[in-house]
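Starting off with a structure, shown below.
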Amino acid sequence: MSALLKATDLVKEFPVAGTAGLFTPAKKFTAVDQVSFELQAGQTLALVGESGSGKSTTARLASRLIDVTSGTVHLDGQDITSLQGADLLEVRRQVQVVFQDPFSSLNPRHKITQIITAPLRYQKRPMPGGARKVAQGLMERVGLNPEHVDRFPSQFSGGQAQRIGIARALAVGPRVLVCDEAVSALDVSVQAAIINLLRDLQREEGFGCLFIAHDLAVVRQIATRVAVMTAGQVVETGERDEVFDHPQHEYTRKLLAAVPRIRPEWEAARRRNAEKVKS
Amino acid sequence: MTRFVVNRVAGMLLVLFLVCLFTYMVFFLLSPDPAVQICGKNCTPERIDQIRENLGLTDPFLTQFWNFLSGLFAGRTYGGGIECAAPCLGYSFQTSQLVTDMIVQRLPVTAVVAIGAAVLWLLMGVIGGLLSAVQEGKFADKFIAGLTLGGMSVPNYVLALALQYVFVVWLQVLPFSQAVPFADDPVQWFLNFILPWSVLAIGYAASYTRLTRANVIDTLNENFVRTAKAKGLRPDLVWRRHALRPALTPIVTIAGMDFAGLLGGALITETVFGINGVGKLAADSITKNDQPVIMGVTLLAAFFVVVGNMVVDLLYSVIDPRVKAGAPA
Amino acid sequence: MSQLLKANGLSVSFGAAKVVDEISFGVPRGGTLGIVGESGSGKSMTSLAIMGLLPKGGKREGSLDFDGTELTALSEPQMRAVRGDRIAMVFQDPLSSLNPYYTVGTQIAEAYRSHRSGVSRKAAKQAAIEAMERVHIREAGRRVDDYPHQFSGGMRQRVMIAMALSTDPELIIADEPTTALDVTVQAQILELLAEVQRDTGAALILITHDLAVVSEVADELIVMRHGKVVETGSAEQIFSDPQHSYTQALLDAVPRIDDSIGELRTTGGKA
């Protein structure tokens, strides 16, 4: 099986602000250093790491939101690293991004119909039955009331706004969905619902999902494979349960050990008590 | 820090050089033949040629520009043995005076106008801004907002003429301006400057009021102000240490740059009030197309702006610990 | 354990909106009370109400008995003497909670000096250095003169904690103290808070949305929703036998790192 999205030796350097002289270039900071990964269709690859690990930059490189310093990105076997113009637009259709803050990525003055169908309009694609109808269909698929397509973003809660963001991403039928900390800002009960939604949609649509997160517990729920990043490099990559249950790299072990857990003895007691109630 | 200063000074020189080059080019290309201007009424073609020769006008552009530049640093001698010591900006076509002398003579009075105005607008702006921040949403705030809107929308020259009419002609509380040296009659001297100062200051004061108000209100909503309160700090200390300093720092920056850019404002004000400063000199020389004087004044203005910018940058790195000159945090 | 702080029918309202609605709880002396809730539950407003630092327009009602003193009856100057001295607070985002224009030493010393009359500048700085040493900031004598931006996120939160404990408070209120931090740093900060408590005997109110964090730290627990307390009891009791359906749903929704349970449950019971 050839990879849907394949990144090879990605490198991204940023100039360090304030180090540029009149005739000397600024010092370079390497945010992403020789990162490679493969994402298969219908699977979820989680890039996990702490702040400054380079996981978000990696996702932006892979989705062509920013340009690489070196390395290549292949989508479906095609080299998309330096595509421009109409070709890049086609990549944009295939690769859609859902961001962390649902409200700041939705234009507050636009109605939901406009927001959700924007990618279709930009790409001048047909909307069978009109924009409103298409938007309603998408609303329904992400579990929102289709009657609400005439509302504005401020009339929705955080979790609903994130559903709108997902609906907009799905509008163009992407092959790859990039979720950049897409559930991090949400309350825990809402977060669970969004994770379930993403999983259901993936099952139906078969898109590959590049899931960027710092919350390892969330990653455990959604990932097929996991790549652990720190200081711009991938230190460990593997099947989800393999990485969580048998971490190989020192850093992965440290990361996993640090995650707060509900006390296991209390968890066990709760399960017993719940059983009792049932029986 | 040294590296930062060296970088800034190099950048500054580059900007000044470019300003020189462009101004010189504009005059070289657009100005009518200065030789004809200088020659005056009883002119013969031979005299014009002689003047061209003396001024070096027959040389190619680059040679002329080079002579001008080197004159700035080393002085120059025109054809016919006319000396011009460094920094040489040439001789006025109109009065045949040294441009450098003309500017130096008028600089003090312009400085008085500029400094007085700056003090006035900072006082008005900061006090007005603080007052409206404290009274946010109440009558005083709205009243000041109305005043600032007026102050920002009235053009300088209208304000100058209007104030002159009201205070000098109509109410007669201020005298017609007449040049009086400070030593002779300090009161008369001070009264002379009240209107020019006010006219220059009012526009700036209005925008500084708004800026101060917005900064103070923003700062009061900062988390660190909440922390200061949570420490149990007295309200006056919360204000003085944690609200005012962060709120007023950006104003220092802008004040520095605005002060440097004052010359433009001085141009109008000095003309209207008949103050014989650099601004009026510039205005006069433009109407008479006195090229060397215009060049000199332009360079001076550019010099002030560039140096002002640099001083502000350096000052800022001292005031705000996050801005460490040249090195990222 | 006797109670250091007792809230009785505490309410906070902004105009007609009641964001905290007649809640009651107790903080055991030397113990830890966890306040858990999702956004909009009123948990942060509760802490600001205790400190008497409600935003403009906020109105506080009910009773707050702090070691025999009725906080709601204190005048502003009297409350100021309590604030930062007997009750100290640690906020969520350490970067924005520290003033960028002053050294951390100045800011710690400021807390110390405003509650100890007649302390010299030098003595206050010494106290700041000691406080920084207590939160394990290395080379405290040198770093005391550094500015907040020169510290990492975790170190900044240590500075905030140093500031809080410099006056030996009886109660520390920590509002989401680790939410803005990386997970490895979070573990260190939680460890530090526990250590401070052990050493000083201070009581702690830990406000968080993170059930796993609270289960590692709290003795007593209140679960808040829409400004009301839905469940209260010992942490063990609530985690092992939650009575209210909201608490159950909340516990079900928490993603577990040690197993992937398939479909996450968003409401009570297995879906």
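We just call them A, B and C in the order they show up, numbering each chain from 1.
Rule of thumb we're sticking to: a contact is a pair of C-beta atoms (placed from the backbone, for glycine too) under 8 Å apart; a residue touches a chain by one contact, two chains touch by 3 or more.
Just so it is clear, the structure is predicted and the values come from calculations on it, not from any experiment.
When the interfaces B-C and A-C are ranked by C-beta pairs in contact, the top one is A-C.
Of all chains, the one whose Cα centroid sits at the greatest distance from that of chain A is B. Chain geometry summary: the mean Cα position of chain B and that of chain C are 53 Å apart. Chain centres here are Cα averages; for chain A and chain C they lie 32 Å apart. Annotation for chain C: no residues touch two or more other chains. Residues of chain A touching chain C in their complex: 50-51, 158, 187-189, 191-193, 195-196, 199, 214-218, 220-221, 240-241, 244, 254-263, 265-267, 269-270, 273. Only residues 51, 53, 80-85, 88-89, 91, 93, 96-103, 110-111, 114-115, 147, 149-150, 160, 163 of chain C touch chain B when the two sit together in their complex. By the touch rule above, chain B contacts chain C in their complex via residues 222-224, 226-234, 237, 241-242, 245-246, 249, 320-322, 329. Only residues 38-39, 153, 182-184, 186-187, 190, 209-213, 215-216, 235-236, 239-242, 249-261, 263-266 of chain C touch chain A when the two sit together in their complex.
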